[in-house]
């Protein structure tokens, strides 16, 4: 069983060498085959790990150090290129194992569809699960050009699975009219354009509940995250996203898992997107894993 | 059967196939030969069209869909490389034809000088025309190193043509002292650094008037539009520009034509600038063409 | 008056506007979801068309002009992202229609797996079909990490379909030992490292036979084609590839279809790869379509 | 006749040709050999000069023109590659000469360690010197992996040299816990995350004092300065940095020297970072040199 | 003391500081406004100078050092952006002055049209002038889309001016059928595809004659010169071009002037094209200026 | 002792997990602080490892698989940034340990100076050591601008250490006249421009002798290796370098260690240089370690 031994590969900074002793497990989901626009997020997890060596281990925002949390880096889940269904099944199986072992799953995408099997597995463990979703896009389609397995569908799938009223989207600035209409008709809350202020209103209502947080890096404005599949102007700043992470940390919700997806390094020669992703992950780990 | 008809290639998303049935016409002006710094905006229109396929057709800002407006994509106007005067003449003739046919001209640059013949033609049709100009630069020179046909001169030309008091510039953060002095002495309003707030003050005074809007993409900070000839820090965010477009949409002015210029794709490997331009055009089309 | 007719946008230079009157049809197969390394070839066909406007219409190699051949550009075949089987089925159907209409198929990839349904359809029409394959890689796997639908398998599939002795590979410099062994054991000819000289030996034996030619752009050295998924040094020059195309043109074989695959523009900021692809296609069209 | 005199090549725009008649001297310190992450800032000064030709000579912020200040461009100080100590000695000697000649030193880095010998030399001339430091990083280490000469140490060195209570850091968002603790215990003021507001509070207390200002370009968010060695999200905008420069200009402090460091052009294909640096330098020159 | 004299900035390595004492003058012609495809060669001369600092001063090919030749760098000729005729007039005037002063003109482009006024001025001085032209393109058009001043025309202009039989083109691999036909009908020699071998045949016939050499960097294969406006595969290697320069050096022809044009740095992130140009210029200076 | 346990990091493909059982050890020397031109080779080793996952494990050139050789990847040697002497000492100590343990050292640079301590350590073990050196540059300086520790000096240092007649340089195309003169006067053989043919003449004379091979990637033409500090046209092809490696493999010399240096990934957006380096290393490992 590979979990018993140290993973030999490019790991996220300060990863703990022992799976059994870790509270959380960080892993990559290098899948990008259902994206409708620019592929490349399969290389996101490896590049995020690589640049994480440039991170300070201390957060002056949270006054906490990475040594204070034990997380194991399990590497990238090996996925069959071009086979979406099998990839999702493999991810779901991987997460079920993690949850059974009592680990907090910390995922790196990959396209957003990878969050679907994770959220499904997490919802199987936590009855009263709520989803906090930060994204430029609604991701509420039932299919994309006839394909039900598409990067435009994961939030619809989990909303139908656990009930739309348990899903909270923030920062949304793109989608089809039908998607917005479906959300409204089904009691799902979508905060358009903004993240921090609407989040502050929602968080008190989620206090004590198990929450899974899924963040598409494109919730950031392209100025702050040019290295992603779909760049869509009018987004939030990295400051607002950091403040939102810290707001969740301070809110008393019980974060039982989280992911950050859609980092596609090839489109960003400055590597700011991967660097930003690695800092965001540091803040999420330090703020959300107690 | 699609084989029977001509292939409809690279056009702005959701363009209407028939010129006669369209309210507006979108066209490229692929000229960049008078720029004093970095050329490349000749490829702006084609790249904007190309990335427009990634746009959602629905605007959650305006609750309107591209199907609600009929616009024909006339392609790029063929211009003689390196011959500025002849290029401007060709553009002017093209626009006169559009206006005669009752179409709203929607232009994509190209360097900013292309807006001059367009504005001239539009002013010939509308007596009481006002110009709303968003830009990092005054563009009020009479010539550049001796050349009267320069990308630094279009606003001066139209201001002298229709009267400086009918021209309103916003977001200006660069220019010669003489340009600012000329504007002040001649009653032309220049809002330095900001766009949205000063625009909100001006719009009520323009209610009901025909207005042509010309936007140089470099009114955005380089963080939001690195792919342009002259990058000049201290600009506005894409959020402020979107809000400004929406303010015009809600103001009751009569937008009779508009353009977006100076997108130079080669300087932006992330392609965020072209993507941003295509979204801005969607919002302008949906907000300004009734 | 050009306004009266539909705008003819991004097509390969000098494409004929009428399908029925054309001898050949050029089309894109924008699929890249089974690649094991770097995706992005989905954007190959559009970029090749775009840069084709820079091509001269006359070939000083062949003393022939593009006006001498009638080919229709059918655009990109719409494919469902991430669904390999359905994509292959759609391609096969498309090709069967072309062949039924008596057109020579001229394909642009996309990953190399797209050539499999094309070759299958072509082999259904021509009994005695031979395949000329130029590539850095054997592409003779039966599967890749368990997936039978992989970009590493198309030559194996067609070799098993029409018999390995009818398939001729050239320029091969990478593969598993098992692949080379399988070829040897099954009578398939692989010319390692070189293209032109071994090709000149094979061509006389194919005289008069129907031949399908499939070229992976990575048969070129990365110096000549950096914009591809898998860069592998030690390849041939563009001069050798041009000479090989001309050798086929002069050989008396009957080229009944051909493709050029694996152009991935994002990895090549100079755009030389797409430009090279467009020139290679010009030479293939002028040399092979009589 | 221009041929009779030496060609005056790549200098910062509007530099004065005569050293003796100049108030200030601008110079490059092309050193990057102690950086722990991405090198390349050695090319910062030359690229900043190169793009400065695109600057307007007039500041609409300050209503002043570059002709109003006389500054000589002394070129890059020749430094021995890979020898940190000798480089620092050479820089210190150079600055001592400038100060003896009554010139205001205006430095362009290179890595941040180059500021240490400059500040040391300046503190030898001005008894009551205060340091204003804008940066993403504390730079308060005593050494980096055992090396006392590291780009992570310059602020610690000057703080120990002139007393930590005379050093004011702004915009800091990264560092080790020990660095923040050391500052707190030793009376050094660190303003975390923000620059303009805390600066406005400090400036009145520095009125009339000699002040050296050292700005690491990474105090800007990577969205505004992707071309630097260490990109760290959550920074300030170029607008806030411009406003901070203007606040110092209006404060009545006596700026006796300043530098802008860590521009590494290779990581920024849009060249916005070098362009931003050149505009910031224009504003500093116009605002701070009376 | 270096402060007493003007800073000598960005010049070609080892340029002589005194015009009068120099044998040759190197200068830039930063014009790119008539190019039909990708602009950007206006920045060629400055980038070539910048990277020339990386050159060794000694040629192991020719066993000669740059100190053995005296050449003055006159900087870039200031040209009015977008005005082709005036630019050509300015260039011609500049060259006439150089020739009158007895200097060998060494030009750096810019687009190829800049060579036309240079060759015209040179032909006015030397009765029996021959032109050696190395290029991917014939450049024999009379106009381009109606414009007689186009980068596709300079060789036609000089051929008509001094007689087509005095012009020798090498390495040509693109052009219109009409251009090749015109050359053949008018006795102009075009060596297709190759440079070195046909050049070796021509050189003995030119012995003792005054020769102007004009090299378009795109005679090189894009693998060797990706940073140019029009990349066209199938070109020669940098080795063949170096050998061709050396063949001219050894031939006994009298090189009375030369240029290297069409370096467009923006398309080549590795900067190999500008570096190659600077080395080629070193070899031309050392080999051709006695 | 870290050698006893598996290295936890990004390893070269098919590395053996156990140091003791390995014949060879591959390691990175991430130093670039003495380079006089473009830094960045510190990231070479990590990027080479990263792209090595795209390599086939089988060599069709040598008919051998990576499983046939046991090599341990020891990661990058931690070096103090900016301290050249200490870095060289650390490298030498590391190599002495490897040699004492009977391992073949396989180094990845980093700048070329790192080869000096390696060759020194190897020469201490093997009395009759010869050096095969492939490079664009002589690297025979005694110092660079006064610095004896410079990337321009390693071959001079080893030549003086073991006698110039034991050092054989190939492919040299740049250097100072003094360097070529020194070699000639001291009996050191330099093959200018070519590698394969002169190498084939030298190899028989080295039969049976212990040989260390040091390859600077810039021996390749920039077309084949744009990602390096100093790009210098006129180099050899990757085919010639592969053939040279194979010639050594077949020669009967006893390769007791080797390195490949100066890969600087940032200058090559296609990543062909790192990919080429990884394939060259595969061939060296398979060909030279028996």
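We call the chains A, B, C, D, E and F, going by the order they appear; numbering starts again at 1 in every chain.
Methods note: contacts are C-beta pairs under 8 Å (C-beta built on N, C-alpha and C of every residue); 3 or more make two chains touch, one makes a residue touch a chain.
As the structure is a computational prediction, the values presented were derived from the model and not from experiment.
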| item | value |
| --- | --- |
| Recurring contact interface, reference C-F, options A-C, E-F or B-C [over half identical by residue number] | E-F |
| Rigid-body rotation angle, chain C and chain B, from Cα fit (steps of 5°) | 180 |
| Separation of mean Cα positions, chain D and chain A [Å, integer] | 38 |
| Distance between the centres, which are taken as Cα means, of chain E and chain C, whole angstrom | 38 |
| Touching two or more other chains - residue numbers and ranges from chain F | 221, 223, 267, 269 |
| Pairwise chain contacts under the document criterion | A-B, A-C, A-D, A-F, B-C, B-D, B-E, C-E, C-F, D-E, D-F, E-F |
| Of all residues in chain A, those that touch chain B in their complex | 36-37, 172-177, 180, 192, 221-223, 226-227, 230-234, 267-269 |
| Residues of chain F touching chain A in the complex | 6-11, 17, 46, 50, 269 |
| Chain D - residues contacting chain B, complex | 54, 56-58, 60-61, 63, 65, 221, 223-224, 237-239, 242, 269-272, 275-276, 279-280 |
| List of chain F residues in touch with chain D within their complex | 32-36, 38-40, 42-43, 78, 80-84, 144-147, 149-151, 266-267 |
